[in-house]
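For clarity, chains are labelled A, B, C and D in written order, and residue numbers in each chain start from 1.
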Amino acid sequence: MLHQFLPTHYHHALGPYAPVLTVRPGDSIATTTVDARGFDQRREQVCPRGNPMTGPFFVETAEPGDTLVVRLDRIVPSRSYGWCGSSVAPNVVDPVYVRELPEAPLAEWNVDAVAGTAKLIGPPSRLQDLTIPIEPMLGCFGVAPPRKQAISTATSAEHGGNMDYRGFVAGTTVYFPVFEPGALFFLGDGHAAQGCGEIVGSGIEISMDVQVTLDVLKGHAIGWPRGENAEHIFTVGNARPLDQCVQHATTEMLRWLQQDYGLDPLGANLLLAQCVRYDLGNVFDPAFTMVCRLAKRWLPAA
Amino acid sequence: MLHQFLPTHYHHALGPYAPVLTVRPGDSIATTTVDARGFDQRREQVCPRGNPMTGPFFVETAEPGDTLVVRLDRIVPSRSYGWCGSSVAPNVVDPVYVRELPEAPLAEWNVDAVAGTAKLIGPPSRLQDLTIPIEPMLGCFGVAPPRKQAISTATSAEHGGNMDYRGFVAGTTVYFPVFEPGALFFLGDGHAAQGCGEIVGSGIEISMDVQVTLDVLKGHAIGWPRGENAEHIFTVGNARPLDQCVQHATTEMLRWLQQDYGLDPLGANLLLAQCVRYDLGNVFDPAFTMVCRLAKRWLPAA
Amino acid sequence: MLHQFLPTHYHHALGPYAPVLTVRPGDSIATTTVDARGFDQRREQVCPRGNPMTGPFFVETAEPGDTLVVRLDRIVPSRSYGWCGSSVAPNVVDPVYVRELPEAPLAEWNVDAVAGTAKLIGPPSRLQDLTIPIEPMLGCFGVAPPRKQAISTATSAEHGGNMDYRGFVAGTTVYFPVFEPGALFFLGDGHAAQGCGEIVGSGIEISMDVQVTLDVLKGHAIGWPRGENAEHIFTVGNARPLDQCVQHATTEMLRWLQQDYGLDPLGANLLLAQCVRYDLGNVFDPAFTMVCRLAKRWLPAA
Amino acid sequence: MLHQFLPTHYHHALGPYAPVLTVRPGDSIATTTVDARGFDQRREQVCPRGNPMTGPFFVETAEPGDTLVVRLDRIVPSRSYGWCGSSVAPNVVDPVYVRELPEAPLAEWNVDAVAGTAKLIGPPSRLQDLTIPIEPMLGCFGVAPPRKQAISTATSAEHGGNMDYRGFVAGTTVYFPVFEPGALFFLGDGHAAQGCGEIVGSGIEISMDVQVTLDVLKGHAIGWPRGENAEHIFTVGNARPLDQCVQHATTEMLRWLQQDYGLDPLGANLLLAQCVRYDLGNVFDPAFTMVCRLAKRWLPAA
């Protein structure tokens, strides 16, 4: 079943809040998200800034210890105006270089969802023209955290949150551990495009039309967000420093390979040894993100 | 001019050692490297283990403050036997997971340089068959460090060293800052293939036939290793934690864009904002490695 | 005014929860805390484990942007049975050393609050007798966090939380930024004694009788917890890695010296240069803690 | 035997250099050190800046696998002029705060070794008068590193080096692993006083008269520098981030307690649990330093 849902309020933390809609496993939801500063498709501010979330959606049957399955069906910019930071974040450069970072207004982009391009409009610099392909993604999404916590959309942890991984595009399926009855799924912070690391503190921020399909894996517990697309499976570690993200993501991948792909510890280690890839998610937030990725072609036959 | 050089001794640190050969800028060197444990193409141990280096090569005219240009012309395994670690390194998994890592002998691979494949031979596990394409690369290479230091080939810094970046394949050009007269170029630690991060502490370790072409950019100083291939330019940060690698590499890229590509600070920041990519080099050594990468298609016209 | 408060329920996160008591600025509260696993002075479990908090207390007039003043008047163990972990946490030793850590049941201590001692009872080891002086402290306390978050008592941030700093003993005054009306003050996780870093994941955990006096500094905003005792002022940074804790705490101290002690930037920097001290709080939780400390004797006369 | 040694040249790295003097185990050496910028007791520059080292001293019988014992007998400033940085280092504050750090000339101090005081002379700030007690210490000292490395005096590792720990004062005995025949002991970088962390990149830098007594523990191998004074034993971890320093130092302490004090793993862990202390050494260099410390009163009777 496909639900059409238009949000009337937004959350700035992921927590055990009252659901806005209850769906059945397998249902789809078509909804909208505002940009990171709370502006909608008309460029009107409908809520305070700070990665406002649409949701939460309650998924029937989901209980703590299960896994929520989120298929990203469609992520399409709902307006043409995008913006991003114009300076690399101070924590991403050498401390002595901070004084050399420019101080400029937000950069503005003209996003053409039909042509699939984003064109940099300003502020003026020697860069002049820059037009890049869009790759619409969700920067921040996930479920209610454990222990009845409510965690700011500025950061991320086991429950997901502000991971800013370029792989969260339409066609990707994401798995989250369930900590609350109904899972309580939130989404927002759409980016028309984004460099690795979200090093200016933002992608090309824009409002989105989003469709997701939600499902539940009963009695299947995971430790960190996982995902897959046509070619890869991947695990997501959210922490600081990046070294710890690598530890979380790698451990989760080793567990996955043994849990679902029939490998023994040695087999799982040998497989990762020469086939693993890592991607950088967010390197700007309180918690950073690293992704451990493995091509499906190397997975053992079922 | 092409020099043929057969090493008779090896170094286990990069330092201000006596050169084994002096070449002119623009010259090429065809030489050999032993594997990380000192075994050559006949599988005979010719020196102690620990990333033994061929070299150093003295490049005429190179002086501190210049840049050494290293074109990786050819990197080809010189035998069929490769090996790698069979367990993810304890520092790459969650501390509580260390006890679950397998303890097994080295894994062995059969490398077919003609077919371009590496086949896992053992130890036995549920993984069974695994055959992957080879992508021969150099794990450890670079120049004599600053301040007359001699730095172990187990680690890396501004001078290069044990970076274990999958991008260091034939066809790539690498730039190193010059700290000693003649630059003193070293190379070794060939991998037939390697996962990101070298998370088992080794790629598929193998002896190599290598050809490089060396050149000098006079009066052109850089801070960290840089590189380029047909599609990308990149900078390399070596440090710990990974966060600091990101800082070094990003700062070096911002400097490069302004130094050589005519961008102002704002233009350089805006360009990286949505176009930057990061790759993980080594996450096992005392110093880790992250690479900041940018597609050439986004660079301003000369 | 002195309020006597006996808790009937406990919280496992610091958040915008309904207050259990409202007090006036300057009022004192005498109350009790259970140990980290929810056991009270009778050794009966009255709530689930995980640093259960007494509170929150609503302090009249406190508004976001103010500072809450918490004077720790009295912290006294309310029973004789204490316990702690018996193995250093895996993240506190070299990754390769994890396999050598002992796996043993919790250690038990006999605490004599009158004599001021704690005696190790077991498990048996070659250590045999160990009796140490107690220094009763609060491991976890603070206020409701910003952005309506609810943050687990397993960790810490700007609002305080599980900082496990040995300096939080009776006689110390602690300052917290106020993020919610009434500040909403929580306390718990008493330790009869604790090594630096809480490296076994616990101090000598015990239920406590606690008295605090709460006050409000109107219109006085701070960024991180601050404190003072007869001899020192200090600031607290909670984050990961420890490097970032140092950054937070040092920045907060530089701000304090300029905000309240009349120093210019240069004077504040010169004062810290040779007089600063750092202490280690928690190095076990998701967020670690470092304290930046300065002797009052070096402060400029008012 | 007491050797008087006046240096005629200095080293800017610790490495396998020709010894300037050979001594017997148990011998003492009275010598001099220049300040971190190469200025001697007459304020004349006698060598380039960068923590110039006096030495190395060859200690007969010392072989790789032994331990070098260094008793710091006497460390006394040899002039009255001291200097230090006047701004906290950019890496020690929050990245966004870097722009608010002052940019000022070096601070100057008048050091009175007889009175035991250092008085801040300038640059002028609102701080005005500041006179503190001196606690003369060595910032950088140690032995030739492993693998024939030569490691800059700007940093530190297993061999010691630039640790900048306030505990390295007269009366302390320090232990270093021996990696080269004769150990090759270096010393320099005296500080009349120093805040924790050397957060302005310098203590009160000054030339020193130093006397040390050197000895050898044959067949006694250690992993990291250790030390002791009348009240404590301690271990030193040099790395980055500080988390890794804590790991190195704690692991070394656990090993020491089992190696020399007759404890089993459980006893060693239980002892550290509530009795351990940590101190911050350098938080400015490429490698940072943390010290793990334990009061001798808690050690088992021999």
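Simple rule for what comes next: a residue touches a chain if its C-beta (ideal position, glycine included) is under 8 Å from a C-beta of that chain, and two chains touch if they have at least 3 such contacts.
Nothing here was measured: the structure is a model prediction, and the numbers come from that model.
Asks: Could you pull out the chain whose C-alpha mean position is farthest off from that of chain A?
Replies: Of all chains, D has its centre farthest from that of chain A.
Asks: Distance between chain B and chain D based on Cα centroids, please, to the nearest Å.
Replies: Using C-alpha averages as centres, the distance is 34 Å.
Asks: Could you work out how far the Cα centre of chain B sits from that of chain C, in whole Å?
Replies: Chain B and chain C have C-alpha centres separated by 46 Å.
Asks: Two or more other chains touching the same residue: where does that happen in chain B?
Replies: Those would be 91, 95, 240-241.
Asks: Select the category (line, ring, star, complete, other) that matches the graph of chains linked by touching.
Replies: complete
Asks: Inside the complex, what are the residues of chain C that reach chain A?
Replies: Contact set of chain C toward chain A: 12-13, 15, 50, 146-152, 154, 239-241, 244, 286.
Asks: In the complex formed with chain B, which residues of chain C make contact?
Replies: So the residues of chain C in touch with chain B come to 89-91, 95-96, 98-99, 241.
Asks: Tell me, which parts of chain A touch chain B in their complex?
Replies: 84-88, 91-95, 97, 100-102, 104, 107, 118, 120, 123, 125-128, 130, 132, 193-197, 199-200, 203-204, 240-243, 246-248, 250-251, 254, 262-278, 280, 283, 288, 290, 298, 300
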